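Here's the structure, in structure tokens; my notes come after.
Letters are used for the chains, namely A, B, C and D, taken in the order the chains are written, and counting of residues starts over at 1 for each.
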Amino acid sequence: MSLPKVTVWNEFRHEKQDAEVRAVYPDGIHEAIATGLRGHGLTVRTATLDEPEHGLTEAVLAETDVLIWWGHMAHDDVKDDVVDRVQQRVLDGMGLIVLHSGHFSKIFKRLMGTTCNLKWREAGEKERLWVIEPGHPIAQGLGEFIEIPHVEMYGERFDIPAPDTLVFVSWFAGGEVFRSGCCFHRGSGKIFYFRPGHETFPIYYQPEVQLVMKNAVMWAAPAGGPEVTFGQRKIPLEKI
Amino acid sequence: MSLPKVTVWNEFRHEKQDAEVRAVYPDGIHEAIATGLRGHGLTVRTATLDEPEHGLTEAVLAETDVLIWWGHMAHDDVKDDVVDRVQQRVLDGMGLIVLHSGHFSKIFKRLMGTTCNLKWREAGEKERLWVIEPGHPIAQGLGEFIEIPHVEMYGERFDIPAPDTLVFVSWFAGGEVFRSGCCFHRGSGKIFYFRPGHETFPIYYQPEVQLVMKNAVMWAAPAGGPEVTFGQRKIPLEKI
Amino acid sequence: MSLPKVTVWNEFRHEKQDAEVRAVYPDGIHEAIATGLRGHGLTVRTATLDEPEHGLTEAVLAETDVLIWWGHMAHDDVKDDVVDRVQQRVLDGMGLIVLHSGHFSKIFKRLMGTTCNLKWREAGEKERLWVIEPGHPIAQGLGEFIEIPHVEMYGERFDIPAPDTLVFVSWFAGGEVFRSGCCFHRGSGKIFYFRPGHETFPIYYQPEVQLVMKNAVMWAAPAGGPEVTFGQRKIPLEKI
Amino acid sequence: MSLPKVTVWNEFRHEKQDAEVRAVYPDGIHEAIATGLRGHGLTVRTATLDEPEHGLTEAVLAETDVLIWWGHMAHDDVKDDVVDRVQQRVLDGMGLIVLHSGHFSKIFKRLMGTTCNLKWREAGEKERLWVIEPGHPIAQGLGEFIEIPHVEMYGERFDIPAPDTLVFVSWFAGGEVFRSGCCFHRGSGKIFYFRPGHETFPIYYQPEVQLVMKNAVMWAAPAGGPEVTFGQRKIPLEKI
């Protein structure tokens, strides 16, 4: 089996506007993520908001097995026709990994059908992600939990449909919990929401976080299942 | 516990335009459904597409515990702001029962995040809905299956998220199967997709079909759970 | 609808052997639970390990809509034929609510098919149960979380099948999380595992905990669905 | 990634006692299945009931990534300590694929916690397995359905827990439906129940059926996730 082709999409605005962010992610969050995945042997390209068509042309998407999505301050700047296109590709089989503040992206809200809202706090507290489903491929190579020393907290109620599989649940020092690794089938595609990340905490450099993203890419890659057809079936398969 | 207040929404176009439909549902599909539910002791109002705001004003929705939706030929005529309003009410706790061709309604597609497409055939063939989850309240009072003598076939692949609970699976004479009773939690609301129905087959007069709709109303009624809050939590619950 | 008839089963050994436990639950844990449920209007009987047939005769089970189970130090003293009988009743439609250390009861392990093992610590730390599925009837009347000031910790990985619905996730001061309110369909019956409780912490006197148990009784009551039949079907429903 | 090591277990009694069965599976059902999997490049050994310890010694299980199980007439002859051993291996991460009449095996009933009962008919009728979840890896390389010309019918209600993922639903000419491809996580292991098969119908020679078994092996292979630990955690991870 050939390895899935990955596109990492990043809003790439914080890094341009804010020296503090640039200090952490000098080449952009997308490059940090891409570098981590390349270290796992994957072929990765990147795309960003301010490129034509946000870098997500039909041609790019056609070449993408798994799309990783990071956005935060400019969700509304993503054009609806690009969202339509990405949604269709997911339903046709492309994997989608939505990271951290991407919970509020148009594409995630569209695919979930809910507000995807949550509670949050920026206090740099500790997070511990517990593996809830140890037999799931996204848990490959992990210990029983992942600790991240300084994070922005996200707390329940996370307004999403119950995931098909719940892989991680997070504990936060400030008293909240969160479903932080959630698998969804939508159409012929697979979606993984993964909570960790932030524009000023160096979370995407952490090896376990990179490993989860690699595992998620492998899991979310197109399954190569049936070409699904819809519509009228004038002639029944059996004599009525 | 007081009984849930029901609003039956119907597009109500076929009945006005087509004598064959009117012969089956002279007062509209909504009245047939409402009459069946009233026979089970429920208080039911109706609303239709051509009323102002499609009959689904803020006031009506505020008074509605469970909304039943039938549409077919005029899905696109439903205004987006009414769809927004209904979606928000569902996420806030209102139950929603989507019937038959309502699979292609704006509100159902919005809440599912997928195309909700399927295979179909109008040949008047037999359908048998098997109860898959006999402990579910929607199966109350039923036998092991429901037979409907003449139906429009809907066949898999049905492009929806896997339901939280699968209550019915249909067998069709022509060779297809279909997940015909599907429960979903979305936000604080509950959604039941129920396949049976048609504008020219008299399915909504069938007692088992009416019983399922009554059971679904009881199941989908608002749970009275916590008022969910979102957003910043500046002060942590625990000392960090 | 008449209210479900409840039987609260308690091992009732700690209370007899240990003055500290007796000080908290002078009439036994079963009486504390039963009193809480009676306060919600339910009719409740009790049964304990050292009664003949552990108090769970065919006659008692036939009269029981929902069975609540508390055990801890004497799981092995429960006779296998009584476990068989309870399992069969659950599969036939009786509700079962398994509390706290009941995770290691024969009946729960039997119905789950897994070890039901977990991590634990007796340090009297704080637990906060977050409502994850606010539209579920077991969340009725609750706030966004329940706090219990002093508990025995249970931590993930909890070795159970993924629940059909996850209602609560717990946060613990010591750093763990736990799926503390878990719904399962098994046969025609419904099972709710609810984590709170202990023999020396007065948790079953806490109103929110009592409310959850009442809600769970209502949810787990027999659905009145089809009488399920199995075995050979010599004559097909359709001409082959 | 190295390919998973497979053990195909067969009761191997019908073939010895019945010339009609031997005519279809002269070397036993296990060899037919093994040959099919070897044709997909997998390394496969076999084990049968009448070997010492049913061929499932600690050593064999330790060398097995995925165990395939076929049994029918002699479920009761499988010793409980071997069932214990297989169950433990599954919970520790080994994949298990249960075929056809294996629904009534001790190991499957043990892992499900239910009766696993169903309706059945031996009339050689047609079955059509519809792919319900086209994005699942077990659907790789398939069309929208698989047709098997002559089968023993299995009909709902199938008394199992709702599967974590439902991949196939079967249509039968005689009027029934069945959840015929069901995925379960149990412990760190994965289980796939696959309905097709029979001792006198040559179903295990059918290429699509072999392909599904290969896909299921790949899916069910151990994930390499965390080594799960249980028991007392005297020292909390955080200061209480």
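Throughout what follows, a residue touches a chain if its C-beta (ideal position, glycine included) is under 8 Å from a C-beta of that chain, and two chains touch if they have at least 3 such contacts.
For clarity, every value in this text was computed on a predicted model and none was experimentally measured.
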Through what angle, to the nearest 5 degrees, does subunit C rotate to match subunit D on its C-alpha atoms?
-> 180
CA centroid of subunit A to CA centroid of subunit B, Å | 31
Any idea how many Å lie between the Cα centroids of subunit A and subunit C?
-> 37
Send over the residues of subunit B in touch with two or more other chains.
-> 126, 128, 131, 133-134, 144, 155, 157, 162, 164-165, 173, 175-176, 185, 187, 226, 228-229, 237-238
Chain touch graph shape: choose line, ring, star, complete or other and state it.
-> complete
Within their complex, subunit B touches subunit C through residues 93, 126, 128, 131, 133-137, 139-144, 164-165, 173, 185, 187-190, 222-229, 237-238
In the complex formed with subunit D, which residues of subunit B make contact?
-> 128, 130-134, 144, 155-157, 162, 165-166, 169-172, 175-177, 179
Given the complex with subunit D, which residues does subunit C contribute to the contact?
-> 87, 91, 110-115, 117-121, 123, 125-126, 153, 155, 157, 159, 161-162, 164, 173-176, 184-187, 226, 228-234, 236-238, 240
